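In structure tokens below, several structures.
Both complexes shown next keep subunit A, but they swap its partner, so subunit B is in the first and subunit C is in the second.
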Partner chain A sequence: MTNLSLVFKILALADDELILGHRNSEWAGHAPILEEDIAFANLALDELGHAQLWYALYQEFTDTEPDYLVFFRGAADYRNAQFVELPKGDWAFSMLRQYLFDTYESIALPQLVKSSNARIAEIAAKIRPEEMYHLRHTSNWVKRLGLGTAESHRRMQNALDELWAYALQLFVPLSDEQELIDAKVMPDPRVLQAEWESQVVAHLSASGLIVPATREPIATSRTQHTEYLTALLAEMQEVARGEVYGVEW
Partner chain B sequence: MVKLAFDDIWRALDEIADPEIPVVSLVEMGIVRDVQIQNDAVIVSMTPTFAGCPAFEQMRAAIVEKLRALGVERVEVKIVLTPPWSSDWIAESARAKLKSFGLAPPPQHGGNVQLFFPDAVACPYCNSTNTRVTNHFGPTLCRAIYFCRNCQQPFEQFKPL
Partner chain C sequence: MDSEWNRYEVFEKERVDLPHRNAGSVHAPDAEMALENARDLFVRRPNCLSLWVIPEHAIFAKTAQELQDDSWRDQEVPHNADSEIYLVFQKQGQIARETYVAHVGQVEASSPQAAMRAALETFAAKNVFVWWVVPERLVLKSEAQDAPSMFAPAHAKKYRMHAYYPVEPIMRELKSAQGMLESDG
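On to the complex of A and B.
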């Protein structure tokens, strides 16, 4: 096993958390009710905290500062799935995306805790209990909105129709990921996908939603991004790039 | 360097208030995990409560500042993740202080948070369990918001982790 396949995987994990966290943070001051404003700010901060743990591990391998990775990389060098970079949409869209991601994490993390790499195992063990709070929150809301009013149901179904094929990208193995699976560093994403599908299909159906038939991810490469990531980064990186040497307050 | 005993160092660390809950110390919260003295250096191991806690850097700086003020020339703060921080580690003394601060202390869960999502949290003001959760997320990552139907007051709970 080369370290290269491992560092690419760690970067993918970190970037997914960062970009999803950033999208969640866009709800601050804009959520439909105050409680959800607070909830999304918490979800955002949690995901940033988790990104930080993965970036710290990436730094141990590559000696690259997390601040550099976050603020001075262009879109082409980001390794997140397109799923997390899509604009926040309406609140149903953001809630459903977070639910699909939380379920994926709730299945992946218990496997990562068993990783043969001790650092990966301990980071997963740290993240796992925090994520239980996320999944409880988002799974309840998916049900409430799916079975709620005609409008909440329509918005959830639209969100699901749009997000489904993007979500499947979370389970597309990276080019050398098989090495990591063989070395028991990473779980097999196909196994995770089977478990994820069985859980989300059951919950979405119970929430009155129809799961799209496709099982083909809309994107398969993490080097390709939508135009939305460029816009996201332009905003997120503006201050850091404007004041490269920092400002003393 | 001034000759310091472990007790002096632990006592000093126990004086550092949690930046978000100033009635309790970093030691009582179980955030300071270990202290080692190596020649002229003191190595403190600390662990984050919630991974994204924005007060963490402030806590780290406070540890360095406190020990420097004691005369320690070299302070090294190591961040450890194993075992992950548990709210079970919050000292008994700190639980009472959390309550006096208006924060319901987290229930002991023995490492199994998964099954422990109680909705009957006792109000820190009147002790009634006639309470309801308003929001599982609160003003900091570690707090949830509740309302007491008995004394008609909102309060917060330190979340079990």
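On to the complex of A and C.
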């Protein structure tokens, strides 16, 4: 097993958390109700905290500072799935995306806790309890919006139709990921996908939603991004890039 | 259509030797979401051992002043109603000082009025200026197994007061380097 395959995987995990956290932070001050504004901002902060843990591990392998990775990388060098970079959309869209991601994490983390790499196991153990709460909160919301009013149901179904094929990208293995699976560093994404589908299909159906038939991810490479990532990074990096890298604050 | 959600009073237990105390209120579509909103609003900081949420409509409340008028005692429902557990809460102390509506115990009664009467007898104390009784079946409590995901993560987080960030001295330094700082003299 080369360190390179592991390093790429860690970066993918970190970038997914960062970009999703950033997207969700866009709801701060705009969520439909005060309580949920705070709850969703908490969730966004948690994801940023998880990104920090994975970037710190990336730094141990590559000596690259997290601040550099986050604020001075262009879109082409980001390794997140397109799923997390899509604009926040309406409340249903953001809530459903977070739910689909939380379910994925709640299935992946118990496996990562058993990773043969001690640092990965340690980080996963730290993240896991928080993710259990995320899933509880977002699955409750999905049920209430899916079974709520005609409007909330319509918006949830639209969100699901749009998000489904993007969500499947979370389970596309990276090019050398098989090495990591064989070495029991990472769980097999195909196994995670089967468990994920069985859980989300059951919950979405119970929430009155129809799961799209496609099983083909809309994107398969993490080097390809939508134009939305460029716009997101332009905003997120604006202040940092206003100064030369490494300026002391 | 009334789009306002119901209000729930939030009770938080911060230490084993402290009772559940009123932390504030949240709005939510139902009790389960109220419990989650309570966690997100009030438990980002340690320490929380347990949370309760109580729908506003379930609270039968009397101030010490209101209790001087006895007419509420006549509003009792017929005695054939089933008796059940009511939780009793008090606000004690001096009004001017920081104080909480806190859980003091429970009584068994067949109506809010009967519960209030029982509470007044059982938990009589000086300086009580607010009494609440609430049927326990309408109180949603966090469960012991919720603690690792609901309360424990707060312990791992750093909370910094604004003074942690030395923004002002740095700004003064930058401005003075650029000759922008006006003389304080």
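Here is the rule we use: the second predicted complex is superposed on the first by the 244 of 249 C-alpha atoms of A that agree within 3 Å, B and C clash if a C-alpha of one lies under 4 Å from a C-alpha of the other, contacts with A are read in each partner's own complex, and residues count from 1 in each chain.
To be clear about the criterion, contacts are C-beta pairs under 8 Å (C-beta built on N, C-alpha and C of every residue); 3 or more make two chains touch, one makes a residue touch a chain.
In this text, all values refer to a predicted model and were calculated from it rather than measured experimentally.
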Subunit A as common anchor, with subunit B and subunit C clashing or fitting: clash
Subunit B versus subunit C as contact partner of A:53, first or second or both or neither: first
Touching partner for A:136 - first (subunit B), second (subunit C), both, neither: both
Touched partner set for A:29, first subunit B, second subunit C, both or neither: neither
Subunit B versus subunit C as contact partner of A:144, first or second or both or neither: second
Partner chain(s) touched by A:39 [first = subunit B, second = subunit C, both, neither]: both
Superposed model, subunit A: greater residue contact from subunit B or subunit C: B
Subunit B collision site on subunit C, chosen from 60-68, 78-86, 114-122 or 150-158, when both complexes are overlaid on chain A: 150-158
Residues on subunit A lying within both footprints (that of subunit B and that of subunit C): 35, 38-39, 42, 46, 49, 126, 129-130, 132-133, 136-137
Complex contact set, residues of subunit C against subunit A: 5, 26-29, 32-33, 36-37, 39-41, 44, 148-150, 152-153, 156-157, 170
Complex contact set, residues of subunit A against subunit B: 35, 38-39, 41-43, 45-50, 52-53, 122-123, 125-127, 129-130, 132-133, 136-137
Subunit A partner contacts - residues on subunit B that touch it in the complex: 48, 50-54, 81-84, 113-114, 117, 134-139, 141, 145, 159, 161
Touching residues on subunit A, where the partner in the complex is subunit C: 33-36, 38-39, 42, 46, 49, 126, 129-130, 132-133, 136-137, 140, 144, 249
